[in-house]
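The same subunit A turns up in both complexes below, where it pairs with subunit B and then with subunit C.
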Partner chain A sequence: MDSRLVTPYIESTVQIIRQMTGIEVTEISEPMPGSGEISAYGVTSVIAFAGTIKGRLLIDFQPELAVHIIKNLMREENPVLRDRLMLGCIAEMNNIIAGDANTLLNNEYGLGLRLAPPMVVTGKNMMLASSKVDSVTVLGRTDYGDFKLNIAFQGGLPS
Partner chain B sequence: MKRILIVDDSPMIHNLLRKTLERNGYEVCADATNGREGVELFEKHRPDLVFMDITMPVMDGIEAVKTIKAKYPEAKIIMLTAMGDDEIMTQALEAGVEVFLKKPFDDYKIISAIAKVI
Partner chain C sequence: MLKEEMVIERDVTAFVGVVGDLRGNIAYCFTAETARKLASAMMMGMPVPELDEMSRSAIAELANVITGNAASLLAEEQVKVDITPPSMIVGKDIYLVLSSVRTLIVTFETPVGSIEVHICLEV
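The block that comes next holds the complex of A and B.
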């Protein structure tokens, strides 16, 4: 996949997690081609967007990392992951990350990407299957746990 | 005490923004989770200021701003949104928002924006 479509989501994820929670991403992998199946860590948010091309961003956190994110965001000592407000934090974070990356892509390439409302699912070892679209997976690490990004696009940028 | 209406479909934003506003001496007079509810609550409460998201179900924020401004041109609205590209910013400013803010926010960003408007 064109790195111009991938890099903004990686950079926005690192920056927004830091800005909103104070948590540093200590390692980030190179993008790897997606297989159409994602084995979830446990707290997964998906947001779709469309403009001249269509895409979606999936962010999947290990539950212990999701708990820390929510603790830092909401100043909640013991967040319960099945609580709607707590899961809403994960969804909103995905919304802000996707919005940030889309803003850059829209200003740079005129894609007119607009976000759909995000969704969050929880459950360890879930297998998430997607239709055959071009996607990449990026693995990330923090001191509180790991996460993965899956970035998919239908259509591309002009060469 | 200045009264503020929050219009956003995210419970987290309502929670965090309310805490920020109350910490800084403002009263949140009502919460709406979509643009249509935002318009209804504006008419009911006539707040001093509105914080309005863009991407919401039922009625989006740009449409809500236009609806409010058509009837209440003196209404003061700050757009607070995840999307900040040039096109959407232009749409928002043309609809009549006073200030356009991109999420995420902190106390300083919110209070500085309010100071510009009311």
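The block that comes next holds the complex of A and C.
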């Protein structure tokens, strides 16, 4: 997939996690091509958008990392994951990450991408899938656990 | 049924985002068994003993087509929306939050089980 579409989401994720939670991403993999299917670590947020092309950003955290993020964001000592407010801040962070990346892409390429509200889910043995999208997966690591990004698009930039 | 917030606990949910004159998400929720039967019906009755990659994609596509159809109907009423690519989730002990706007839930009973449609729009 066109790296011009992928890089803004990777950079935005690293920056926003650092700025909002103080957590550093210590390792990040190269984007790996996929089919839009993800086997989730445990706490996943998906936000989709539409403009001249369409896409969605999926961020998936190991539960230990999600707990740490929520602790830092909400100043909550022992956050419970199955809680609308606690999970809500993961969704909100995804919203900001996608918003920043989309603004960059909109300014650069005039894509007119508009975000729908984010979703966040926790559960066991979760698989997430889409249809008719091209996607890449990026693996990330922090001192508190691992995460995955899946960046999917229908349509692309003119070459 | 009108709810303040939306927490979905069914095993399978497919959802599509809506942007434009309306903004929100439409989610279609069912049990794994109903999802398997729906996927089977979409694939000419081919048996679906478990939700594999192809049937997961089919469920996502079902949400896409239904919501796209609704968008066309809305356009006839001068309400212009665009829909995002669909996503679907299948798992166990699901706790899914689809933003905190008011939600209308409409449940359809079918021969393969019930389908809960969560209409979650900012109005």
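Here is the rule we use: the second predicted complex is superposed on the first by the 158 of 159 C-alpha atoms of A that agree within 3 Å, B and C clash if a C-alpha of one lies under 4 Å from a C-alpha of the other, contacts with A are read in each partner's own complex, and residues count from 1 in each chain.
Going forward, a contact is a pair of C-beta atoms (placed from the backbone, for glycine too) under 8 Å apart; a residue touches a chain by one contact, two chains touch by 3 or more.
Model, not experiment: these values are computed from the prediction.
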item	value
Contacts of A:84 with subunit B and subunit C, given as first, second, both or neither	both
Which of subunit B and subunit C A:102 touches, first, second, both or neither	first
First (subunit B), second (subunit C), both or neither touched by A:117	both
Which superposed partner A:18 touches (first subunit B, second subunit C, both, neither)	neither
Touching partner for A:74 - first (subunit B), second (subunit C), both, neither	first
Subunit B versus subunit C as contact partner of A:4, first or second or both or neither	neither
Touching partner for A:48 - first (subunit B), second (subunit C), both, neither	second
Contact breadth on subunit A, by residue count: subunit C or subunit B	C
Subunit B and subunit C contact sites that coincide on subunit A, given as residue numbers	84, 88, 91, 114-117
Residue ranges of subunit A in contact with subunit B within the complex	16, 19-20, 73-74, 84-85, 88-89, 91-92, 95-96, 98-100, 102-103, 106-107, 112, 114-117
Contacting residues of subunit A [partner subunit C, same complex]	35, 37, 40, 44, 46-51, 54-56, 58, 81-82, 84, 87-88, 91, 114-133, 152, 154
Of all residues in subunit C, those that touch subunit A in their complex	5, 7, 13, 15-20, 23-25, 51, 53, 56-61, 64, 82-101, 120, 122
Contacting residues of subunit B [partner subunit A, same complex]	9-13, 15-16, 55, 57, 81-88, 102-104
